[in-house]
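There are two complexes below, and they share subunit A, which is joined by subunit B in the first and by subunit C in the second.
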Partner chain A sequence: MSTAFALSGVTKRYENFALRDIDLSMPEGQVMGLVGVNGAGKTTLLRILGGLALADTGTVEVLGHDMPAQQVAAKSDLGFATEDMRLFKTRTLRWHMDFVRSIYPGWDEVYAADLLRRFDLRAEQRLAGFSHGQRVKALLMLNFARRPKLLLLDEPTTGLDPVARDEVLEALADVLRDEARSVLFSSHNTKDIEQMADTITFVHNGTLLASRDKESFLDDWRRVICHGSWVPDKAAWPEIAAVRQNGSIVELKVRQFSAGLLERMQTQGAEIRSADPMNLEDIFVTTVRAGGAA
Partner chain B sequence: MLDERSRLCVHAVFTVAGCGGRRHGSCLRRNADGCLFLHSGRGLYSTKGAVHTVYMKYAQIDPELFLSTSDSTPMYQQIVNQITTKVMAGDWPAGQPLPSIRELASASRVSVITVKRAYAELGQAGVIVTRHGMGSFVADSPNLSDSLLQAEFTQHFDAMLACARRLGLSVDDIRQLLDDEQAHGAAEPTRGSTP
Partner chain C sequence: MNRSPLNWPVIRLLVAKDWQLFQQQLAACVFGGIVALCLIGMATGWSFYLGSLLLIVMLVCTSCFSISNSLLVERKEHTLAFVMSLPVTPLDYYLSKLIGNLVTFLVPFLAMLAGTVLVILYTPLPDGLVVLSLLIFGHVLLAYAVSLSVAMAVESEGWNIFAMIASMLLINPLIMLLGQIPAINDHVKADTIYFAPVAVAILLAQATLSVVVLAATGWVHCRKKSFY
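Right, the complex of A and B next:
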């Protein structure tokens, strides 16, 4: 199976921030979600893959092309959308569409028209009159209509109203239909990632905390409520990431759940009342607070 | 040719023009020569350029499931539950081809890996069968809905016993409740709520 991208030993230093020793790859046809707090390094990672920033060390391969040596070939099949990209205020959206079409032969005018309708955008309107949400949707439309093999989307749903967010997720779901197309997207909204991603990658302080397939990742975590006076010592129970106690109620966030673990807890006198799956947001916050591996 | 086909229960007739524009229809594919192919549970039919109508035994099913991100049930479990419900209700008959994993993921807006997992669980439960290179189909078991109901009953029964233990009810207490239930018949519903 070919890879959409592969990073090996990638480091990038800025004055106040460094992305360190990143080893990460994604098979073709997958959707990967990047989760991290502001300043974690998500955008730097996306910029390196998009050929907009140069790694200090390590190797970067995008769609089988070495970056930056073969970046022209890579970029022809690459879509990159970030809020930082300025569109020309005095020009219409139609002008932008024609501009992108003149550069990329893969531009699909029928799909573009479909996206315009679904995103509720007017091609003849000048960008100066666009709202924030409309600008974001316009930028996504300009990328989607090229049908690039790899889409790099930096916070594609941030700042969108619920209806616009839904439209964007629907367009993203269209991409899933084609097994040769891949998406890497970052989001503060972990719900979007939980819904759409095959693989989840946690980025924190410039390093990767975890990168795993979503189903087994979600499956490993549980929030366990037990009654009794037993409170685990976290050093002796590496499976447990967080413990809170209030009277006879103890809440545990477990990072490596198994039936055997519950049995061992019961032999310590814990009365298990529930063991429920956790959502991605809860898992992420617990991981960051626990200050370690997920 | 048509005689043989007419024995089949024809649910759907696709025209080439009509199908190409379907949003959820990946049923038709065009090969390098421009021939159109139809994927169905019984293999590939070619239109060979001239024939513009294709018959299918099974209805083309809508691959969109109604999934909720605010439901605490995990997404893969929601898919398992909904497909099981469709099979039990007879919406999807035995032998019915299921949507491809990508098709269902795209239409229901969930990740491919989640649908993969749901299909794997449905396969293990015997609700669907997956044939390599052909896709997945509703299992051909004559008693499928019975066995699913049986599984559901067992689950509720075990939960009831667990609950009774916590309440300290003896087997005789439970037996008494069952006798009372029978004596009152359907005329008077029992106390408590039913889901």
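Right, the complex of A and C next:
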């Protein structure tokens, strides 16, 4: 299976931030969600893939093309939208549609018209009169309608009201029905990522903490509630990422859950009350606070 | 590893885009230039000085609007990221900006230059003024090239404004300096056009420097590592 993108040994330094030694790849047809706090390096990673920033070291390949040397070929099949990207406010959306259509031969006018209707956008309106939500939807529409093979989306749902967010996620789900298309998107909203992504990647302080398929990720983590006086030493129990004691109740967040682990805990005197799956947000917060490994 | 060839169709579209975004201010500048030339053409003392001042103001406006619209506003309003996400290389972008700016600036600049020469030749104004006018237009061209280069190479808005204002304000000392050169000043009020060797040398220096500054900027721009 060919890769939508591959990063190897990528480093990018700024004055107060550095993306370090990134090795990451995604097969075509996949959806990868990037999770990280503000300033973690998600946007820098997306900019490097989109050709807007050059890596200091390492190799970058997008849709089989070396970046930046073959960026025109790569960008021809790439859709890229970031939260801070803006359109020309003195021009209408129709002007932008005509502009983008003249550059991308794959522009689908019927699909564009459908997206206009679904996003409740008026093509003849100048961008200066658009709200934040309308601007985001306009930018996504211009990206979706060119039918890119790889979509790079940075915080596509940030700042949207619930209705607009739902419209955007629905349109994104439509894009994902085509198995040849790949999407890499970042979001603060882990629910969106949990809902859409096949693979989840955690980024923190410019490094990758983890990158795995969603199902195994969620399967591995458990929130275990025990009763008793036993409190594990985390150094002796590497499977346990976090421990919180409240009286005789001990809450454990486990990163490598197995039935054998429960048995071992019981032999230490722990009385297991429950072992529940965790949501992505909880997993991410626990991973970051535990210092890295997921 | 094959490097991307220049993407001329997209470069053409980007130039056309800049032209469309600038055309209203461009029309206003050309209109102002025509009014200035009418005043100069009246060939009376007050109208000549008023017209000359207005013409220089219009040239400065054309220069500043052209650079501001296509580069500074694009960076400030985050439309640069949108443009750079299109299938272009930094060199494609540099060329589109260079060509786009030269078109949006040179069209009104050359129109005003031609109008100035024609007004001087076909009104009672002394024909010797043509050389001084060409030297002043040459300075505006050089000042524009410097401002354009700074706008492309330096992201600081403060430095960009400084470059635009400082380079254009140097017109005053230039006029004073040219007035101190007898080979130029002695022929300003003559009825014949005389290109003194020093005038030709200054014109050549202005043109050469303009080209060198723009070429050096292209070299710097293609080595930048961020485009958003």
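Please note the rule applied: the second predicted complex is superposed on the first by the 294 of 294 C-alpha atoms of A that agree within 3 Å, B and C clash if a C-alpha of one lies under 4 Å from a C-alpha of the other, contacts with A are read in each partner's own complex, and residues count from 1 in each chain.
Definition applied: a contact is a pair of C-beta atoms (placed from the backbone, for glycine too) under 8 Å apart; a residue touches a chain by one contact, two chains touch by 3 or more.
Just so it is clear, the model here is predicted, and its values are computed rather than measured.
Annotation: superposed three-chain arrangement on subunit A; subunit B versus subunit C shows no clash, the two fitting side by side. Using the contact criterion defined above for the overlaid structures, shared-chain residue A:Ile249 touches neither subunit B nor subunit C, since it reaches no partner. Using the contact criterion defined above for the overlaid structures, shared-chain residue A:Ser76 touches subunit C, although it does not reach subunit B.
By the touch criterion defined above, A:Pro68 lies against subunit C but remains apart from subunit B after alignment on the C-alpha atoms of chain A. Shared-chain residue A:Ser102: touches subunit C; no touch with subunit B. Contacts of A:Val163 after superposition: neither subunit B nor subunit C is touched. Between subunit B and subunit C, C contacts the larger number of subunit A residues.
In the superposed three-chain arrangement, the CA centre of subunit A forms the vertex of an angle with the CA centres of subunit B and subunit C, and that angle is 140 degrees when rounded to a multiple of 10. Put simply, subunit B and subunit C get as close as 27 Å, counting only Cα atoms, in the superposed view. Common to the subunit B and subunit C interfaces on subunit A is no residue. Interface residues of subunit A, counted against subunit C in their complex, comprise 47, 50-54, 56, 66, 68-73, 75-76, 78, 80-82, 84-91, 99, 102-103, 139.
On the side of subunit A, the complex with subunit B involves touching residues 29-31, 169-170, 173-174, 176-177, 179, 191, 194-199, 213-215, 218, 276-277.
Across the complex, subunit A is touched by residues 1-5, 7, 9-10, 13, 17, 20-21, 77-79, 81-82, 84-89, 92, 225-228 of subunit C. Of all residues in subunit B, those touching subunit A in their complex are 26, 69, 72, 74-76, 102-103, 105-107, 109-114, 116-117.
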